[in-house]
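Naming follows writing order (A, B, C and D), and every chain is counted from residue 1.
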Amino acid sequence: MTEKKTVKIATIGGGSSYTPELVEGFIKRYQELPLGELWLVDVPEGKEKLEIVGDLAKRMFEKAGLPVEVHLTLNRREALKDADFVTTQFRVGLLDARAKDERIPLKHGVLGQETNGPGGLFKGLRTIPVILDIVKDMEELCPEAWLVNFTNPAGMVTEAVLRHSDFRRVVGLCNVPIGMEMGIAKLLDVEHSRVRIDFAGLNHMVYGLDVYVDGVSVKDRVIELLSDPANTSFVKNVQGQGWEPEFIRSLNALTCAYHNYYYKMPEMVKKTIETAEKEGTRAEVVKRLEDELFELYKDPNLAIKPPQLEKRGGAYYSDAAVRLITSIYTDKGDIQPVNTMNKGAIASIPYESAVEVSCVITKDGPRPITMGDIPVAARGLVQQIKSFERIACEAAVEGSYDKVVLALTINPLVASDKLAKKIVDEMLEAHKAYLPQFFKTKKVAAAKG
Amino acid sequence: MTEKKTVKIATIGGGSSYTPELVEGFIKRYQELPLGELWLVDVPEGKEKLEIVGDLAKRMFEKAGLPVEVHLTLNRREALKDADFVTTQFRVGLLDARAKDERIPLKHGVLGQETNGPGGLFKGLRTIPVILDIVKDMEELCPEAWLVNFTNPAGMVTEAVLRHSDFRRVVGLCNVPIGMEMGIAKLLDVEHSRVRIDFAGLNHMVYGLDVYVDGVSVKDRVIELLSDPANTSFVKNVQGQGWEPEFIRSLNALTCAYHNYYYKMPEMVKKTIETAEKEGTRAEVVKRLEDELFELYKDPNLAIKPPQLEKRGGAYYSDAAVRLITSIYTDKGDIQPVNTMNKGAIASIPYESAVEVSCVITKDGPRPITMGDIPVAARGLVQQIKSFERIACEAAVEGSYDKVVLALTINPLVASDKLAKKIVDEMLEAHKAYLPQFFKTKKVAAAKG
Amino acid sequence: MTEKKTVKIATIGGGSSYTPELVEGFIKRYQELPLGELWLVDVPEGKEKLEIVGDLAKRMFEKAGLPVEVHLTLNRREALKDADFVTTQFRVGLLDARAKDERIPLKHGVLGQETNGPGGLFKGLRTIPVILDIVKDMEELCPEAWLVNFTNPAGMVTEAVLRHSDFRRVVGLCNVPIGMEMGIAKLLDVEHSRVRIDFAGLNHMVYGLDVYVDGVSVKDRVIELLSDPANTSFVKNVQGQGWEPEFIRSLNALTCAYHNYYYKMPEMVKKTIETAEKEGTRAEVVKRLEDELFELYKDPNLAIKPPQLEKRGGAYYSDAAVRLITSIYTDKGDIQPVNTMNKGAIASIPYESAVEVSCVITKDGPRPITMGDIPVAARGLVQQIKSFERIACEAAVEGSYDKVVLALTINPLVASDKLAKKIVDEMLEAHKAYLPQFFKTKKVAAAKG
Amino acid sequence: MTEKKTVKIATIGGGSSYTPELVEGFIKRYQELPLGELWLVDVPEGKEKLEIVGDLAKRMFEKAGLPVEVHLTLNRREALKDADFVTTQFRVGLLDARAKDERIPLKHGVLGQETNGPGGLFKGLRTIPVILDIVKDMEELCPEAWLVNFTNPAGMVTEAVLRHSDFRRVVGLCNVPIGMEMGIAKLLDVEHSRVRIDFAGLNHMVYGLDVYVDGVSVKDRVIELLSDPANTSFVKNVQGQGWEPEFIRSLNALTCAYHNYYYKMPEMVKKTIETAEKEGTRAEVVKRLEDELFELYKDPNLAIKPPQLEKRGGAYYSDAAVRLITSIYTDKGDIQPVNTMNKGAIASIPYESAVEVSCVITKDGPRPITMGDIPVAARGLVQQIKSFERIACEAAVEGSYDKVVLALTINPLVASDKLAKKIVDEMLEAHKAYLPQFFKTKKVAAAKG
């Protein structure tokens, strides 16, 4: 890599509406990261979008005056060949599948959401075989490349690569931690760059063990502010309602927005059902937003990321990805929160499991900062979700119907074997086209019969 | 102890309706355990019952022709002085408190039960200061004695002694494991004595990792039988509904009846509410049973344990206690499931925590058999309940309102900080008389205001 | 196994001089362990001895009036077929190899001994491939049988099976712990059966964490007695010289005789060299003893174990083996110290490694009693020997010359890469005939050149 | 600290010959670290040297044109008051004590050296009570200050603070890691700043798990180079002789110079004895060097660090200290190897123990980078030295003669209880004036009698 003049990046799911943000990130950091070729890959169903967004990408680089070749292809292997970095932002089954992930659980009174509960499970079941397939191609075509995954559920996907392949150059990425930092910056009215959080936990279940401004801990003040019900959580599309002061004070750690699902479970289920009735599920909302975005993207005069994209959610995601790639490429040594193998960084989470943790980013990849113990109060939930993820990974790889039921039963959002089975049966049927591993043998079919 | 001719045992809560079973146990094992003095201790409110049950105990020993002195006293220190064993079966606040533990959560749609959820928490908060007080007396008056606790929540109480005192001669005891063995024996139609289970987990959350008949594993067959919805769980007062075959097969471990609360949560909540409406809560039912029992006990012609006691629930409890005491006294080396310090017996539960595990029983106390890892699927829930117990213990010892709210928020049966606070406030008020540690300072009162 | 009327046992290395003790053990425990067939297996070089000892065995059973068939064979697979237990007591390269293990290191000023240092390493390198071969046969021919290994170095051999095969029905056995118990019994002048020690450590590096008479700890008294230089160590052929009182008091654990090598290293090396000069090495002494024994065994009138065998060393070994087999067969549940997988029984030794630990013996094999932490002072040495064993196992399996040098360098008895290499080169050459794995490829040969 | 204009630093042992290097470091980094006051503290015996070196320091700052106040004092508390950083470089008993640490063991054929074996032990016993006393003062007088210790044995001293005080703002510092980096840089002929090593282990027993140039691993090449006997170890005063290629290849980690003591033990003992005979021990050599240095320092025209200081050994030490202080002060986030609490950074070393590990340096102190497992071959030795350190710390704090004997017995350089006791008795007597904790009570005296 060091001898090469320019960098080759392959983006799987390149036809995504997020791509312009990614491109903007590449433009912004071009001086540090001399991108030579950007390969946008997609599946045949996504060809039209790929072309729209690919053309916009070309216009953006051109307007920026940068000599970046944009390649559009349906041939993944061609894109992977000799890549330096591979980013994954694909969605198996597209937004229609997400809509089902959200709708079906709600019918059973269970939270419908794309990264937690039944929705997260089934998104994982559809995604994991594909990611493992990509990894297999990478081992052959670009073994030295880094895989930067921001396909959700990012924690489960990273776990799957770590436990079910020998490939180790993988990083899972999420915008939740950066969102927490920005939320705290806003709360304290300081610049984002001055805020640093000690992140430790799992993807979408990350805690802030300490928080610093200019390197000095301000945790006590932040916890005090968070005890004031007026100060609510931070990520746009999962708004919290403020914690009870006693709870947050004695938990004594920062939470992320997704913690609402577990520490305000009945309230969140109720709210999600109401919202779905009023506005449709998030997938349905996003679908409308996406249609609008692609209309904009088609405009041949557009050569920047349109501001409307920010409403889409997932802000900073692509920017975080480019920041990460740049730090790896330049061996920068800055601290970023990513999903990587634990190796003891967080006590009481298995050594080999994926965790979301503050890491020093080097050319050799992310190196977790040792966080030690997380609060006693947080250990059980984190283990429970990790167990859920591990069994979900096994289910995905083995095509085991029994394990899907087990995974969902032990998920705190379901907590019932009977209910789990009902939901699993309905969702397996709904996603049949994207879950071939569960429909191979008569035996499985019989077991479900 | 070895030089003494006879054994002195002090039973705190001696006026309990269970005492005749305990006495029956002492009579049955008299040849191995030469009981000299049985001191039944109770609080002033329990004086009448103490006398009724104490007189029955005297008649029972007399009829058996055994020279056992029965002492009835309200002076605990007198009873503890030079005791060889101390058993605890008291109930702070009596059955009225239990009725509140069961009723109040139900109003909020949360399971009301005396060892799980809010009920278990508040029973713990009332009991822990008393048990720590007993332990302090024991350190002074009978430091070589063993404390055999079967006051619920037995796991949390054992945790409190292990974490908040220096006393180590404590064993927590429960009838759930023995009930599981008897259930399996019945299922397989073999004698109980031929069945052995590898128990590992927490009190009221214990798993059977393997099961043997005559030392040969029959786990596969048992799991198969349990996959048949016809074969339901085993402990009398917490009847299960049979597991989904996929769930139990992939969990691949035996469950106890209390697992229904976590793996059939919505169903169990619904059922408990219905039962409470129809028959009253368990405390209310038990109260009627107890009244009948004490009427029987008064009969001066009664000199045996009346068969009606078995309906009371908690069968085998006292028998298990005498079996345990006898094995300690005789250094027997048989295997019994008890609550004791983990020390690595169960991987992924903290070293210093109380676990329920198969132990070899020696004069030096229970020695856990190394169980290694429990199934991945079980690890999270076990950690979550252990975290709940640990924070509850701290709350009880410190009188920390914040920690009570935290403990209940992270309990899977509540999973909401808002709901937790509401229930805590109502229960603190209801149990005020037995929770002095929470009503000491203005600051706490204000915090709750 | 339960349906079979009688038990079939195969003894690899059946021509050993120990066999009469084994036979005596079978006779003594016949009521509990209904032995039907005893297959004594040996290699062609051992045929003569096999016949001598086999004939004696037949006479012994006959005299005892027991219907046990004794089979003598050079065909291991025939012996293994449907066996219930397999015992291994073979010696690759016979006593000549042992003599080299003892002699060569002494030339370099390093302890020469058959289970520690260079001698233990090379005995392991010769033995491990054979034991793994036996295990492979067992998986095919008697997968339900238990392998009871008492071939030294028993800890390393058990480690090899646990780490380099999938076979789990293996137990390593040693007479050191039983010797310690008998030594303590003698020291305290009580019967052996009343003494119990909490054993924890590695084979030939086992500590007694506590010691009980009739279940009551007498550790303080024993440590006090051991602080008296008059009271020395216990195993016959490795006599200690008494510990410095300060050392044993602050170590606060019982040691075994082999600890002398590590806690009296210079003295032991000196003594071993002197003894070798005066009396010859142990192998040379044993060889003379064995010749005498076989002369006795030939006597057609001899039908009991001759008392002279006890001088041979390794007393109780075979008796311990039969005791273990009987407890497994009858699911007895008594406590015996054996080598088995740690699984957390001893904190700070790897989960998957072989440890020597007090176990409850069941039909399902040995179940370690949880010992928790060993003394801080002992942790390093135990880890160091375990690391030595693990690397030795890898060297044996891979035929890696580099790893042999590494293993010996980190062994505390050598502690020099240069010295290690010199000794390794000489010993590899000396044992060439029994170390084919190191003489396969040109590359290895070149590396050594 | 943030509001203060300038930084106050107190240097305990300020009269050391190293101080000019420290001053040079402060001058070099003045732009980043605005030093206002430097307090040089020493004991009455060191008053003369303190004044000589203090005057030189003043001249150096003056020549550099920097407004730094230099205070010379024998009153430690005055110096500590409101300090921002405290550095410790004192030597209890001065070089005379070191000479004894080196000489006495040699008489018994044991390595004499000031940080390993008996010498390291006794230096620790003398130093630990003083450092704990300093820490007590700091808790009162400057609780927010960081203690940067480079008094040897730095690992043991850090362990003592972590285990025997509640003070956590402590960092142990050593020049060995930086020396390894510079050695590798020289070996590869690249600039030092391009080399980064993953350090993991203990002080004076640190391994390099990987090594990078510009972020790219060059470990294989380095190991290959180190297998060439021509390429020897790197720290000036402990020259190695090159590793056997087999050893270093299969260890597969970089070693430090002090590893020679454990992996070339007989050779190093021999060489140390020879050198002591020829040139005197290191203390004796250093004493001559120091005398020369102080003659130079007295020269009122000298206003720079004289180049002769580099011969003194301990090069980069003070520079490393200033680099560390600067990174803490500026929250720099660069990577430096220091001694700090493990917290899981290195698997298989206790959580609470001091380790030497690559850390990210923040205003909140060093944050270890998670290293995971160290090579199997290294685990035992590391544990053994850590156990030695822990028991030495307890001995120092408790004044326990028994534990001194235990610590030395388990040290691999001694490995004999008898020899340990002999050496301990002689060294206790020799250092009596500086070991008051061992000469308090009759009981201890009697025990030694």
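In this section, a residue touches a chain if its C-beta (ideal position, glycine included) is under 8 Å from a C-beta of that chain, and two chains touch if they have at least 3 such contacts.
Here is each chain with its UniProt name: A, B, C, D = 6-phospho-beta-glucosidase.
Treat the numbers as computed from the prediction; the structure is a model and nothing was measured.
Colleague: Can you list every chain in contact with both subunit C and subunit D?
Modeller: Chains touching both subunit C and subunit D: none.
Colleague: Please report the smallest number of touch steps linking subunit B to subunit C.
Modeller: The fewest steps needed to get from subunit B to subunit C is 1.
Colleague: By mean C-alpha position, what chain is farthest away from subunit A?
Modeller: Looking at centroid distances, C is the chain farthest away.
Colleague: Using Cα averages as centroids, what's the distance between subunit A and subunit B in whole Å?
Modeller: Centre-to-centre distance between subunit A and subunit B: 44 Å.
Colleague: Would you kindly tell me how far, in whole Å, the mean C-alpha position of subunit C lies from that of subunit A?
Modeller: Those two chain centres are 54 Å apart.
Colleague: Could you tell me which residues belong to subunit A and also touch two or more other chains?
Modeller: As it turns out, subunit A has no residue touching two or more other chains.
Colleague: Which residues of subunit C touch subunit D in the complex?
Modeller: So the residues of subunit C in touch with subunit D come to 109, 241, 243-244, 246-251, 262-267, 348, 376-388, 390-391, 400-403, 405-407, 409-410, 412, 415-421, 447.
Colleague: Could you please specify the touching residues of subunit C with respect to subunit B in the complex?
Modeller: 2, 196, 210, 212, 214-217, 331, 333-335, 342-347, 351, 360, 362-364, 367-373
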